[in-house]
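What follows is a group of structures, each given as structure tokens.
Consider the two complexes below, in which chain A is the common component and chain B and chain C are the respective partners.
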Partner chain A sequence: MVKIYINDREIEVKEGTTVFHAALDAGIPIPHFCYHPAFAPEGTCRMCLVEVEGMPKLELACSLQIREGMKIFTQNERVREARRGVLEFLLAEHPLDCPICDQAGDCKLQDYYEEYGLFDSRFSEVKDKRGKKIRLGKYLLHDQERCVLCRRCVRFLREVTGTGEMGVFERGGHTKVDTYEEGQQVDNNYSGNLAQLCPVGAITDTDFRFQTRSWFLEAGESICPLCSRGCRITIQAHRGFARFKLPKRVYRIKAVDDPLVNGPWICDKGRYGYSYLDENRATRILKKGESSPDWQEAIDWLSASILRLKHRNRLERVSVVLSSRLSNEELFLAKKLFKDDLGVGRVFFADAPPEEGDDMLLTPDRVPNTRGARELGWEDVPVDMEALNRETDLLLMFGPDFENAHSLSDILGCFEQIETTVLLTPFDGSLSSQVDLLLPTTPVAEKAGSLTNIDGVLRNFQPALPALGHSRAEWSLLIDLGKALDLRFQYYSRLSSPEAVFQEMTGEIPFFEKNVE
Partner chain B sequence: MIKQFGYFLEIVKGSLITTRHFVVNMFFHILNLVGIKTKRKGAVTRQYPEAPIEVARRHRSLHRLMLREDGKPRCVVCMLCATVCPSECIFIEATEDPDPEIQKYPSNFIIDLNRCCFCGFCVEACPEDAIRMDTGEVELARYSRGDLVYDLEKLTG
Partner chain C sequence: MEDKAISHFFKQDGAHTLAFYLNQNGYEQAKKALKELTPEDLLNQVKAANLRGRGGAGFPAGVKWGFVPQGGDKPKYLCVNADEGEPGTFKDRYIMTYAPHRLLEGIIISCFCVGINTAYIYIRGEYENVAQRLETAIDEARAQGFLGKNILDSGFDLEVYVHRGAGAYICGEETALLESLEGKRGNPRLKPPFPASIGLFQCPTVINNVETIANIPLILHHGPEWFCNQGLPKDGGTRLFGVSGPVKKPGVYELPVGASLKDLIFTHAGGMQDGKTLKAVIPGGMSAPILKPDEIDITLDGDSLMEAKSMLGSGAVIVIDEDASMLEVLRIVAEFYSHESCGQCTPCRVGNPWIRKTVKRMAEGKGRRGDIENIRRVANNILGKTLCPLGDAAALPILALTEKFKEELETSLSD
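After this line comes the complex of A and B, so read on.
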């Protein structure tokens, strides 16, 4: 450990860190454009200048290493003056089209101008014309006039994706970032990160373009459920206007840095594939095709159907179709309820069929919790239609994937043989109107719990959005069902939250015990 | 008996007040007529609504959206008006303009006058001087609430 002084405050830091990180750890953020923790310090933007006692000139915080007894000043007049100068040069060539720029509100240039600039423009010359609205990829637009030449995009394409489509061209005031070939497209599954990486509005999403303004959005952290990597994301949703109905809630998804899971990146599939949160959602309880808002009644009806079979000693004629979309807690509760307490006849798994993954983040699984299901002791048994046809009186289906695994006519033929069919799904599908009871549930973004990713990393999540319509999280349904069945009322009453269920899990399953955060 | 006398007393009092106003106003009108300047002016009864009154130049009346020289709305959908609006009565939808210097223009611009409190913040917030409240239109009573929801066409027209 090394002792340094930042703004006359004594701070102990690890040897070998940079001034930038030492200050950040001490809660003193240093303004920067080009520096990004994923890359080596670049030092092109000159925004992170700090004064160090004993050094004749201002130094770059992002690349300067800590030495014993260093005295650093990050906010004195000399430093502020230098930053003001840097901003004035950057803004001299900036088009100042914030009203139509989608980055406005998130833009570092705006933030730092508020903090260090607040000068009137002295630039009376005509600004250089550069390329605007250049298609850079399926989801990207490039505006060369807004660029501050931080080279983050160039470094990302060289170091992370290794494709290297972009570079810096020309010199002096005419410097611009461009693709090597005219009209070249950034065509990979990680292109969306460029829009998040850009500190200004030079690279923006076409997906978010002109949809709304960023200050209307409220961010909630969650986990991406679209593959078993389980990347950490923030879901940015519009809180809505009092008088006008908006077509959707979720407008944007951004990556959150999680070194053990996804680093600072997410793939385009997760970034732009958020429409499932608002479209085709099951929002109402449907009992024999009729809508009813009463959850207690629906759960009582379900438990009565199960108890009827129990009294006739026919519990082995109950089949359950689980889904790897469920969280660890829900799969654990399902195990307690269906396997240990009821002892149902068959438990199957119906998941979305695997698709092609890539060698970075995207995995072949298209459901988030395959590893968690395995660690909990569930086996991936595919649905046996024969058994459903002949040996089932009550079928309980979780998740929306069952209807895709088999042909609709097969499933409907099956349903004719089964007395009671119950579907718990967040999404409206062709089975919604065919089952006896449809219970709308929530996707990962709207509930709390934990998921185990493909590498066995456990991550908790909290609801990022309120539950849509009447939908409810599966864990609360399973607990209520457990209570209604009155097998072990006290046990299920104790498990009142996902945290309580997790506590119970850690006691029983060693995998989760060692993974406690 | 005494109670009824009280009524008459009040009638007489009221008549006296009316007469006083008449005499005082006449007095100032006559002074002004013969060319003597006084600080106080005689009151004038306006024949509103038969004779329309002119509102002050700075009066905040019905909104209008300004147009560019080529007839497109000046608005670039920065949504600052919708952000600052305390009664959340502005709703704007943006579309892509083929001109890369404009890029963004409103495909729909709704002001719900049922909610509008005529504070004029939208006018102050606008960086493009695209919205003004200087039409002088103050008679906004309508027979249905829907008529008070003004869209782009009504606001530019």
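After this line comes the complex of A and C, so read on.
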């Protein structure tokens, strides 16, 4: 450890760190544009200049290594004046079109101007014209007039994806970031990171263009469930206005840095594929096609159906179709309930079929918890349609993927042979009106729990959005069902939350014990 | 006449040939270095000579060489900076044109001293003929066994390559030069790390100006004490001053470090043409803050020019007479730096075009009250805040011009 002073405050920091990180750890964020922890310092924006005692010029916080006894000033008048100077330069040729810029509210240029600038424009020359509304990719628009030339986009495409679509062209005041060929598109599955990396409104998302203002959005952290990488994300949703109904809640998804899982990036599938959270959702309980708001009644009805089979010693004629979309806790509860307590005849898994992954984050799995299911001892047994046809009286299906794995006529053919069909799913599908009981459940974004990613990294998540309509999390339904069955009432009463279920799991399964987050 | 000056061969017929140079005892110092001296001896001599860099910054050459880590498994490189882009500067062209072998001999000795087996001469693209001459000289030297494998049976190998730049001023900045040499966009690098530890191709690298390297054989020939005594105690030797502008005899003059600027202009360069009056002098290339006639009674060395708030720079003395409009001088300066800014860092990229736009407007007769103050404010926001020295190189002359010729500049403003 090394002792330094920031703004006369004594601070102990790790050797080898930079002034920027030492200050950040001490709760003193230093303004910056070009610096990003994923890349080596470039030192070009000149926004992070600080004063260091004994050094004649202002120094770059992003690249300067701390030394024992160093005295750093991040807020004195000389530093503030330098930052004002840089801001004035960045704004001189800037179009100042904040009212129609999607970055407004998230823009570092705006934020720092509030903090350091607040000057009238002293630039009385004619501004240079640059490229506007350049289509940069399927999801991206490029505005060269708003660019501050931090080169984060160029570095990302060179160093992270290795695709190198963009470079720096011309020099001096004509310098611009552009694609190498006119009309060239940034065509990789990570292009959306450019919009998130851009500290200003130079690269923006097309799907977010003119949709809303960022200050109306509330962000909640969650885990992307669209593949088994389990990237940490933040979901930004609009609460709506009192007198104006919005067509949707979710307006965008951004990556959250998780060094062991996704680093600071996410793929475009995860970033732009958020419409499932608002569209085609199952939001009401449907019993024989009739809407019913009463959860207790629905659980009791299901419990009674199961118990009837139990009393007739026909539990082996209960089939359950599970889903790797379920959390660790839910898959654990399913094991307790269906295997240990009831000993049902068959448990299958129905998951979306694997697709091609890539060598960065996207895995072939299109469900988030295949690894968790394995660690919990579940085997990936595909649905045996013969067994459903001939040996099933009650079929309990989790998730939306079963109906896509088989033809609808085959499934409905089975249903004719089965006394009771129950579907628990967040999504409205062709089976919704065909089952005896439809229970609307929540996607990962609307519940709490944990997932185990492809590499065995365990991550907890909390609800980022409220549950839509009447939908409820599967873990709570499983607990309620356990209580209603009254086989081990005390046990299920004790498991009142995902945390409590997790506690139970760690005691039973060593994998989860050593992976407590 | 004994070879005691860099300019000894200038303008002599055939001076650039190996035969001529050998006839003048050429390559004797390289022989001595390789056969009789150790690298440590050489480094001590260069340090003792107090040879300061001739490119502009004036950093002691021996100290720079001493920064290169010895040992290690990476190759080391010498880059000879022949970009000579500072407006007004043309001295290195003379050396390379008339004494390419002196430069090569300096390169051999320097490389042997630092343990370098590959040297690059980065020459400005416009010097096509000069580059040709260097290539010929390299071929001659190699044929004679002064370059290549096992030079003069000493076991020392050295290859020298000439690389022509593509016309950017910034590539004279040492780290931008390295980037350019590596085939990249010529943008200066963030320092540290310094080139002595991580330079060309990530390897330890020495970068010296042509004139600096060309002095090395003289130091060996006559000894560091002789060299030191020619100049000043902490700044040895002579310097080549390139005088341009309306003087009677413009050209390159070799004078001891510490010679008089006034003598250079009025004695050596013959004074002003056509009986004109001196209006101003830019003493060290365009980046050097301008001096008024009452400020030129000054010695030509780094310290005294710094005291006068200017700099010796590349030793390019630009003389300006009474006919010149200072607004035009300001416009040329502003145009140049705006055009040559690499565009990498904010203050230089935006500040210089801002100044250029304002000065251009003033030159078109649309200047307004407050323009000069604003130019100075912008220049001050560039000064000391950029990644490389180009920011200061632009801000300093503009600040000096607008301070010293404020009244004249103001006459171009309307309300």
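The rule is short, and it goes like this: the second predicted complex is superposed on the first by the 517 of 517 C-alpha atoms of A that agree within 3 Å, B and C clash if a C-alpha of one lies under 4 Å from a C-alpha of the other, contacts with A are read in each partner's own complex, and residues count from 1 in each chain.
Definition applied: a contact is a pair of C-beta atoms (placed from the backbone, for glycine too) under 8 Å apart; a residue touches a chain by one contact, two chains touch by 3 or more.
Quick caveat, the model's predicted, so the values are computed rather than measured.
J.: Looking at the overlay on chain A, is there a clash between chain B and chain C, or do the two fit?
T.: With chain A as the common anchor, chain B and chain C both fit in the superposed model.
J.: Looking at the overlay, does A:45 come into contact with chain B only (first), chain C only (second), both, or neither?
T.: A:45: touches chain C, not chain B.
J.: In the overlay, answer first, second, both or neither for which of chain B and chain C A:467 touches.
T.: A:467 contacts neither chain B nor chain C.
J.: Check whether chain B or chain C contacts more residues of chain A in the superposed model.
T.: Here the partner covering more residues of chain A is C.
J.: Return first, second, both or neither, reflecting whether A:479 touches chain B, chain C, both chains, or no partner chain.
T.: In the superposition, A:479 contacts neither chain B nor chain C.
J.: On the chain A superposition, what angle, as a multiple of 10 degrees, is formed at chain A by the C-alpha centres of chain B and chain C?
T.: Rounded to the nearest ten degrees, it is 90.
J.: Does the superposition put A:170 against chain B (first), chain C (second), both, or neither?
T.: In the superposition, A:170 contacts chain C only.
J.: After the superposition on A, what does A:93 contact: first (chain B), second (chain C), both or neither?
T.: second
J.: Look at A:85 in the shared chain and tell me whether it touches chain B only, chain C only, both, or neither; answer first, second, both or neither.
T.: second
J.: Taking the superposition on A as described, I'd like to know which of chain B and chain C A:109 touches: first, second, both or neither.
T.: It touches nothing on chain B or chain C.
J.: First (chain B), second (chain C), both or neither: which does A:63 touch?
T.: A:63 sits against chain C, while chain B stays out of touch.
J.: Report, in whole Å, the shortest distance between any C-alpha atom of chain B and any C-alpha atom of chain C after the two complexes are superposed.
T.: 22
J.: Please identify the positions on chain A that touch both chain B and chain C, taking each partner from its own complex.
T.: None.
J.: Using the touch definition up top, name the residues of chain A that touch chain B in the complex.
T.: Of all residues in chain A, those touching chain B are 97-100, 104, 132-133, 209-213, 215-216, 241-244.
J.: Touching residues of chain B toward chain A in the complex: what are they?
T.: 76-80, 82-83, 88-89, 91, 94-96, 100-104, 110, 112, 115, 127-128
J.: Any idea which chain C residues touch chain A in the complex?
T.: Chain C reaches chain A through residues 168, 170, 185, 190, 338-347, 349-354, 357-358, 361, 368, 374, 377, 381, 384-387.
J.: How about chain A: which of its residues touch chain C in the complex?
T.: For this pair, the touching residues of chain A are 41-47, 49, 57-58, 60, 63, 82, 85-86, 88-90, 92-93, 122-126, 128, 148-149, 168, 170-175.
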